[in-house]
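Take a look at the structures below.
Below, chain A partners chain B and then partners chain C, in two separate complexes.
After this line comes the complex of A and B, so read on.
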């Protein structure tokens, strides 16, 4: 027997959030939730692990900072020193205040861009990729919760789901999906 | 309702007494004549020679009224006279720095409070009574500040504001200073004091009315008093940003009357906001640790810590903007400000940048750390110490010069005003319930979760 999932559709984010708590209380397994926008607190309600993107952001920022120091040292000190504003010093540290804006900008640049790329890689999305969401309405005004049936009784589960404020419910064979 | 424990009262009074002893001993140990200055400098002759040299250069830089071809002996006398004035300034400057430091804390809290009302913020009403408690210090600290300005301006008790010397604007005097004379339309004692009184009355009026409306709101049937406070706060913020800027020129920038920076008002503003928000966080954590403010949760502390973090970076941004432009352009009359600070105040000047920027950035960057109370307290204490030194480095180079030291008068003034702060603020907290009852956002604020 192929594994089956339930597609429960909601039309309100607060109701969805309540439903997530109820479903998890009954120890049913939520596979995924598709929403048109970010819902505050949904990750905590679903019991997802905390994001680690902040740590990567910090590390990328450090990379940008180091890159800018090395770059400005090469351009302005080693390769082609210039007399700007009467400051012809051949030392990085003595000219450092002039380089701070560049250090700042590249720190931000590296942190922001590499963070976005990391997010794309981690979420397995790239340009021209075919959309994965099972119902087009989740890009408009509906919210879809995928609940794994597993060893539970289908009727009992659908009955329970009806009490969580759904507007529509479908039982889907997982194999068809792929 | 909060009750003031006798232990805390005693704590505050001990601080005030110890601080007062420090202040008085500061005044008693200043030299009263040139002879005493010479004796003091002779006791460590090797140093005094060096100090004398840089002192003289500073004097020329700052006042700029000396002729280069004056006789050696006369120059020497003038130099000792100058050192005497600087040493006599020291206890005054010590109180002035500490008073200004506490003043920016309190005015920063008042501004933050006004911003919460004007923006109708939903997270912060649970903290309103804490903020109102802190701003109860405003009338007292502005009164002390006004008395200090009065003693400098009218009674000539010290030489902190060099432009107050009438010789500098008298064309017949040998000390005539054309630059200061041309600024005398703004920088003259009567107008200076009238402006000071005007700013202080405006701020105190807002503090009085908003507190009164907030208390009345507790028993109101509708949102009448809340709406009144909303309008009042929006008006205050307009008044504040103009007067705050002028206050920073008058009370701090005019200490170096030849020098000016168009960024100064913003720079003081940034320091003011950091200090104010840090003190809100510290007082809240203290009250929570005593079992009060049970409705304040980690998310409120988290938000305050975010503001501490953000405004610390904002402060650094303005500090650096001012520094880099002047450093790069290297125009003599501008750069003199930083030359004196980098040469004679190297450790406090750069040390406070580390304390006010590197410390909060590294300690408060992590989201989880912003919820750990002792972490916020630790960072808060470092930030406050850093901003005390910031004010110190703004005031002292022009008033005390190279005779500076953070010793008994400085710490005494700080302890005295801290004791008074604790006494006044925690007494004010007992006057009203710690939760505003009828604020339309109170439910949202209590349930606030990040």
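After this line comes the complex of A and C, so read on.
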């Protein structure tokens, strides 16, 4: 049997936030919410876990820093040491101040780009990816909540949803949707 | 609602009683509309200047940089002046997005998109100059760390010029990524509004399939915040390193430790001036006065005043330190700047950069659009002359009086500079017609706190007023309507016939012109699935349909759905 979901459409962010709280109080399962802009506190209200993307950025930054140190050490100290302006390149630590700009830039480069790539992959956004918002108005001024019907009674659930301030409600066969 | 509270003393950042949908429409309008005549005129002029610049670059590269006005004493002139000028301009965008984001300045939302675009276009112009001033640009790859000639000698990582390569390429690439990530929800908005398949395809590709899930937004916010945190030191590092190009030499006038902060302040100063110039025009041309308000212009003016004052202090510090150091070469370099043969350049710089921003202390002046525009142009000019003064007047009289010369640019120098101006405006004009020039998703998120409609509501009804009250009553209203709605549907279906999924197959109603996928969904909700049913619609049913659909009354009849459907059902 194809599982069914409810697409409840709202036209205001405050109403949506209240609806999320009501729906979760009744222990219905919110599968997804599509919004045209970031709503402060929505992730908390939905019970989404905090994102760890900032931590990845820190780790990528460390990778960049290590990469730059290894690169500077190899190029300027090991492979071809030169005496530039009376400052011989014999030891990394003595010449390190001159490499700080490169170390900084590469740290930022790695931290920024790899984090954004991680974000794109985790959120499945890249060129030629097909958009998955079920209603075109969710990039304009409507907010769409997907509620899993599961084992609940469909009539009871729709009746309940009607009281959460919806402007439109649709019952969708999930398998058809994809 | 309390979460939208903003101190009433703050003037609104979005004027004109806007709703979420109004923002969508206003931001999409320049993209969806047609270019007017003045756009084409300006675009043509910019394109001609750009092509002329390409010609001058080709001439330079094929002949050699002897075609420039640079000579054996002034061996670095307009090329590096223009480079630093453009790089400086390219500082405001990331500063607005990053620093103002970290400080939670809501007024950045109206202007950050265009400021970032301007940054990227300006850095592209800047990047041209180091490449062509190498003289042999086909060897430009020598600045990247590969062993020279693929042998064993590497680039010199002690040189600020190599640091520059790393700083600017990091800055450019991070700025592009920052800009584009912010663009995704807005490009998705345009994608979901487009009608023609071609534009739909284009914006689908550009928006990377952004769907706006709650988790995506959570990550989006975090990514923006971290990028802002990374970009803030980055933007400071870029101009610091550019200033090292001069400060690490022993040329009097360049050899100053104050250069890094002085250059950074100057860069922010010139960048904001360019943002001011562009936005004052754009808000008018693209009808965005409700989003880029007088308040925004005033804030930009205050930043121009502040950074202009820092620049002024730096100029005076330089003079003081030259005197205080007791080094006669240093002293002469500064005396020569102010009173030597290039005194006029120095005083243009002083007037435009130090004196003119001080006028912004007057509230009347900094809230005048014409005056702000005039000052922004003056600052752009002044900051170009600052670089000219630093570079040319420091070089033209060196340690050996027999090699003292004057410098004047050739038509090639001027041509390349005007070419980059042309290229910059070509890019910006194309951007203004194809991209959402306001970060509409972000503006929507501050609408309830900073929109004048909601601020007025709070002023009248108190801070705890429900900002969606009207909406809620509308829904109740609809609920009452629902009973009559059901009756209407019943009478509609009874006159045009029911659809039985067991015996009949449904038709693609979108083939009727005037029916899009949303309309089709609505018709399905009423129980209309076939052309047969649509073809039976008469005047009475049209009226019923109009009352059920509720939008664009009469359009179904005008498009003659019944007539179209009867043709389609027979084909």
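Methods note: the second predicted complex is superposed on the first by the 169 of 178 C-alpha atoms of A that agree within 3 Å, B and C clash if a C-alpha of one lies under 4 Å from a C-alpha of the other, contacts with A are read in each partner's own complex, and residues count from 1 in each chain.
By our rule, a residue touches a chain if its C-beta (ideal position, glycine included) is under 8 Å from a C-beta of that chain, and two chains touch if they have at least 3 such contacts.
Quantities reported herein were computed from a predicted structural model and do not represent experimental measurements.
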Putting chain B and chain C onto chain A via the overlay, clash or fit? fit
Looking at the overlay, does A:98 come into contact with chain B only (first), chain C only (second), both, or neither? both
For A:11, decide between first (touching chain B), second (touching chain C), both and neither. second
Now for A:41: first (chain B), second (chain C), both, or neither, which partner does it touch? both
Is A:54 in contact with chain B, with chain C, with both, or with neither (first, second, both, neither)? both
For the superposed three-chain arrangement, angle chain B-chain A-chain C (C-alpha centres, nearest 10 degrees) equals 70
Under the stated touch criterion, which partner chain does A:85 make contact with: chain B (first), chain C (second), both, or neither? both
Let me test your reading of the model: by the given contact rule, A:72 touches which partner, first (chain B), second (chain C), both or neither? second
Chain C versus chain B - closest C-alpha approach in the superposed model, Å: 5
Interface residues of chain A shared between complexes with chain B and chain C: 41, 54, 85, 87, 98, 101
Within their complex, chain A touches chain C through residues 11-15, 32-43, 46, 48, 50-51, 53-54, 57, 71-72, 75-76, 79-80, 82, 84-85, 87, 95, 98-99, 101-102, 104-106, 108-109, 111-113, 115-116, 119-120, 122-133, 136-141, 162, 165-167, 170
Residues of chain C touching chain A in their complex? 1, 3, 19-21, 24, 145, 147, 152-154, 156-158, 160, 162-163, 166-167, 170, 173-174, 177-178, 181, 184-185, 188-189, 191-193, 204-223, 225-227, 230-231, 233-234, 237, 241, 244, 441-442, 444-445, 448, 466-468, 471-472, 475, 478-479, 517-518, 521
Show me the residue ranges of chain A that touch chain B in the complex, using the header's touch definition. 41, 54, 58, 85-87, 97-98, 100-101
Any idea which chain B residues touch chain A in the complex? 320, 323-324, 327-330, 365-367, 449
